[in-house]
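One chain, subunit A, links the two complexes that follow: it is found with subunit B in the first and with subunit C in the second.
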Partner chain A sequence: MMGPVDPALRDALAKQFPDVFAAEGDLDPNGVVVPAELHVALAKTLKESFGFTLYVSVIATNFPTSDGETYEVATVLRNPTTAQPFWWRVRLGADPQLATLYPLFAGADWQEREQFDLLGVNFVDHPDMRRLMLSEDWEGFPLRKSYAIDTPHTPWR
Partner chain B sequence: MNLRQRDRINPHLDLDTVDAAADLMALNMGPQHPSTHGVLRIKLFLDGEVIIKAVPYPGYLHRGVEKLCERLTCVQLTPIFDKHDYVAPMTNEQALNIALERMLGVEVPRRARYMRTILAELQRLASHLLWLGTFTLDIGGTIGGGASLMMYTFREREPILDVFEMLTGARFHYNTHQVGGNRHDIPDGWAAAVKTCMDQLAARMPEYEEQCVTNSVFLMRTKGIGVIETPLALELGLTGPNLRASGVDLDLRRDAPFHAYDEIKVNVAVSNGCDTHARFEVRIAEMYESIRIVRELIDNVPEGPICSLKPVRTVNQIKLPEGKQMYTAIETPRGELGTWLIGGGAEKGACPYRLKIRPPSLHAMAALPYALVGHTVSDVVAVLGSLDPIMGEVDR
Partner chain C sequence: MAIDDGRSFEHPLYHYWENSPGGGIGLTSLDRLLMHSARHSLWFFPMATSCCAIEFMTAAASRVDLDQAGTIIRPTPRHCDVMVVAGTITVKMAPRVKKLWDQMPEPKWAIAMGSCAICGDFYRDIYSVVPGVDVIIPVDVYIPGCPPNADQVMVGLQRLQDKIKLQLEGKFVERELRPGTMIYPKIGTHGDARQSAEVAQAQLDGARGLGVGGKEHRVPRPAAVQAPPEADATSDSGEQS
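Then we have the complex of A and B:
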């Protein structure tokens, strides 16, 4: 559970990102939706000013809608002193591109590669955007909803 | 060139810029190397025997579990989760069921929470015993007393699997957790069997520890090897014993309690060594602590029901609400095992829409390009063994 967010943290975030965080009440338990251009700035603020130094995970999800594909990328950080996790989401369009967090968190290297591998979300300025799990000549992105689970593939040799 | 004196190792180092004239050798370690604890390939670029750059290639065990999770219902997922981390299946199925319970808002009866705590600690012991045996085998072989220690630790692990078998009927892949509680109640004589097993282990643990820490070969091969400094460990997302060996006092059992950990005291072992030996020390201390917790709880399991929901009859009796998503994490023997769960998938919500598993071992493997540089080829097995990865969990 994200649980109740520390009021000081919520106020500071509301001051710095007034369009994203409300000054009152709890944050969305599903994760606050943040515009893509604020993604890196928010991660930097959380890491440098609020002690969210533990990189936990990045999760991309494919949502096919009637007017095309959309993607959501959720990022989870944790404050190692209070053990409090914090996560937010970024919504992306049919051609998912998002700035990498690698300069801030070395762990984003592999995690973002995995999400690129399985969902085709391209992390811009990542130093090494290769597939992580699947072979390099794999076609398609298996965790997209349009990818059938029984899609045939040539055995890897 | 002293590679370890630079500020931060660059895992994407362009080798031509190091020294174009250097005669580097590229050596593939794995995927079939016996000490890679599964199938992992590490491509090493060597100057003589010193590692200049290490590039791990995971994925040989990738089974597409996250795709499969979108097709299976919540009830069918537990046995799949058993197979990720096949050295600690018990805690893996707990991670899944806690995620489902928190999303559905289901309470777990107190008796089941105590049982889960005992099972988690027994599993931690079994997992760490396997780690201790293979780790000492990797670095010592017969010289370091390693080979014989492996036989001992497997002997000690056996009674733990026996008590699991008494409870669940399976030595592995238990499928004993379900949403709302446990499936199998404690049988007669189980507490006595657990106590006997703990007494035996508690009596023998000091001997195993002594075999390692009084062995100069062991100390030379672990001290100062594979250093992961605190800021880097946090950035990489190391968790569990690996993070605590890098000096971060974070244990979800104490800091974000689940099961019955909010009712008991957990002493968290931390070391500031940051090296292979520190990771060894932390795990050994955790084993003593696990024995203590099991002994404390085994006589105090409260009476009552073991599951708050009706038993599983059909595969789609658990439905997840649409539009809800959340991250849940518990502390497994290897660290923070998290799940990002989105409800409202196929079969009218009985399947998750998306289930992302955050495996602690994958993050530990991401530390290899940093931890190996500047050391020799023989240190690779020591560093790899000390990070305790399970490839089934890394690749999923």
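Then we have the complex of A and C:
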């Protein structure tokens, strides 16, 4: 969970992304919801202007709603000098596609592959978007809510 | 210093061999000799994937010494007689286990060590776990436990030795059955019509992070501790000295 953010950082973000960040009050502790178009731009700004050079993790979640499947991809960066984390979330539709952060952070390589493996979130322009943990002939994405937990995988189970 | 009069050495075979005609020569068939050798020089291949491997290492260490039965643990299947499957086998791992088993030379035996290798235990119903390694390879001895302790590994080895003796003598060996799989209480998913409304409500509340009856049970976070007022530098140094 994101703690209180430095006011200077908040004001600078509000200036650069006025539609997303408010200049007043604390940011959403669960992570600010950001449109998918601003995903890479926000990461680039945080890395180059505010010292968030450590890529902590990316976590995708599947929420089936009455409108259809929705996905939320939360990204966590950290500033190593101040130990300040920064979270944001991107909401995606039934066919989740999101731009990769691999050109900015080399550590995103396997983490994005893991989310592709388990949730099926396709990170566009990732150089090596293959399954990471499950076998390569696996069908389906097991952490999706529509995937039955006792799905047979012949001849092994 | 005692003189060796032949009585101080009490090994039964000693007298048997000494008193047999020809003295000092034991006669046996080659089959029996090979059988004896096979039983007491089993080389283990540790197919160790998780925490049972730690207990298997304990069995190989000096307190319960697996070496006293003539075993050697070799991390290559081509030299080994016994595969010890210690740990959960996932669907991705299963073809590798089968491949390693096929690489072992005959005669070969398999030990399933621990609940996960026997039946999958609490990972049994998960999409990526094989429910028991006997789905893939024929298991001779099951060592139940989670994990089984080192003594049980030793007992399992002795059971395997007994079994090998019967097998190589050409006697009938009863197939060892998989130990009874635990039956867990079946709790349905939320919204299952077969379970009571109370259970459904409790599941819903639990998912929301609430206590019984939907009441908030989280303890509010304590307020941030105020930094103590800055003490005088001179008094600090005075206390320390």
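Just so we're on the same page, the second predicted complex is superposed on the first by the 153 of 157 C-alpha atoms of A that agree within 3 Å, B and C clash if a C-alpha of one lies under 4 Å from a C-alpha of the other, contacts with A are read in each partner's own complex, and residues count from 1 in each chain.
Methods note: contacts are C-beta pairs under 8 Å (C-beta built on N, C-alpha and C of every residue); 3 or more make two chains touch, one makes a residue touch a chain.
Keep in mind that what you see is a predicted model, and the values were worked out from it rather than measured.
> Which holds for A:W110: it touches subunit B only (first), subunit C only (second), both, or neither?
first
> When both complexes are superposed, which of subunit B and subunit C contacts more residues belonging to subunit A?
Greater contact footprint in residues on subunit A: B.
> For A:V76, is the partner it touches subunit B (first), subunit C (second), both, or none of the two (neither)?
first
> State whether A:P142 touches subunit B only (first), subunit C only (second), both chains, or neither.
A:P142: touches subunit B and subunit C.
> Between subunit B (first) and subunit C (second), which, if any, makes contact with A:T61: first, second, both or neither?
After superposition on chain A, A:T61 lies in contact with subunit B alone.
> Contact-wise, after the overlay, does A:S49 reach subunit B, subunit C, both or neither (first, second, both, neither)?
A:S49: touches no partner chain.
> For A:L134, decide between first (touching subunit B), second (touching subunit C), both and neither.
In the superposition, A:L134 contacts both subunit B and subunit C.
> Once chain A of both complexes is superposed, is A:Q97 in touch with subunit B (first), subunit C (second), both, or neither?
Neither partner.
> Give one of first, second, both or neither to describe whether A:H153 is in contact with subunit B, with subunit C, with both, or with none.
Second partner only, subunit C.
> Under the contact rule defined above, give the subunit A residues that sit at the interface with subunit B and also at the interface with subunit C.
Shared contact residues on subunit A (touching subunit B in one complex, subunit C in the other): 133-135, 142, 147, 149.
> In the complex formed with subunit C, which residues of subunit A make contact?
Against subunit C, subunit A makes touches at 133-135, 142, 147-151, 153, 156-157.
> Can you tell me which positions in subunit A touch subunit B when the two form their complex?
Against subunit B, the touching part of subunit A is residues 1-2, 29-31, 53-57, 59, 61, 74, 76, 80, 82-83, 85, 87, 104-107, 109-111, 114, 118, 127-128, 131-135, 142-143, 147, 149.
> Quick check on the complex: what are the subunit C residues that touch subunit A?
For subunit C paired with subunit A, touching residues are 91-92, 94-95, 125-131, 135-136.
> So in the complex, the part of subunit B that touches subunit A is made up of which residues?
11-12, 58-59, 62, 64, 66-68, 71, 102, 231-232, 234-237, 239, 243, 248-250, 252, 255-256, 323-329, 336, 338, 340, 342, 353-354, 356, 358, 362-363, 365-366, 370, 395
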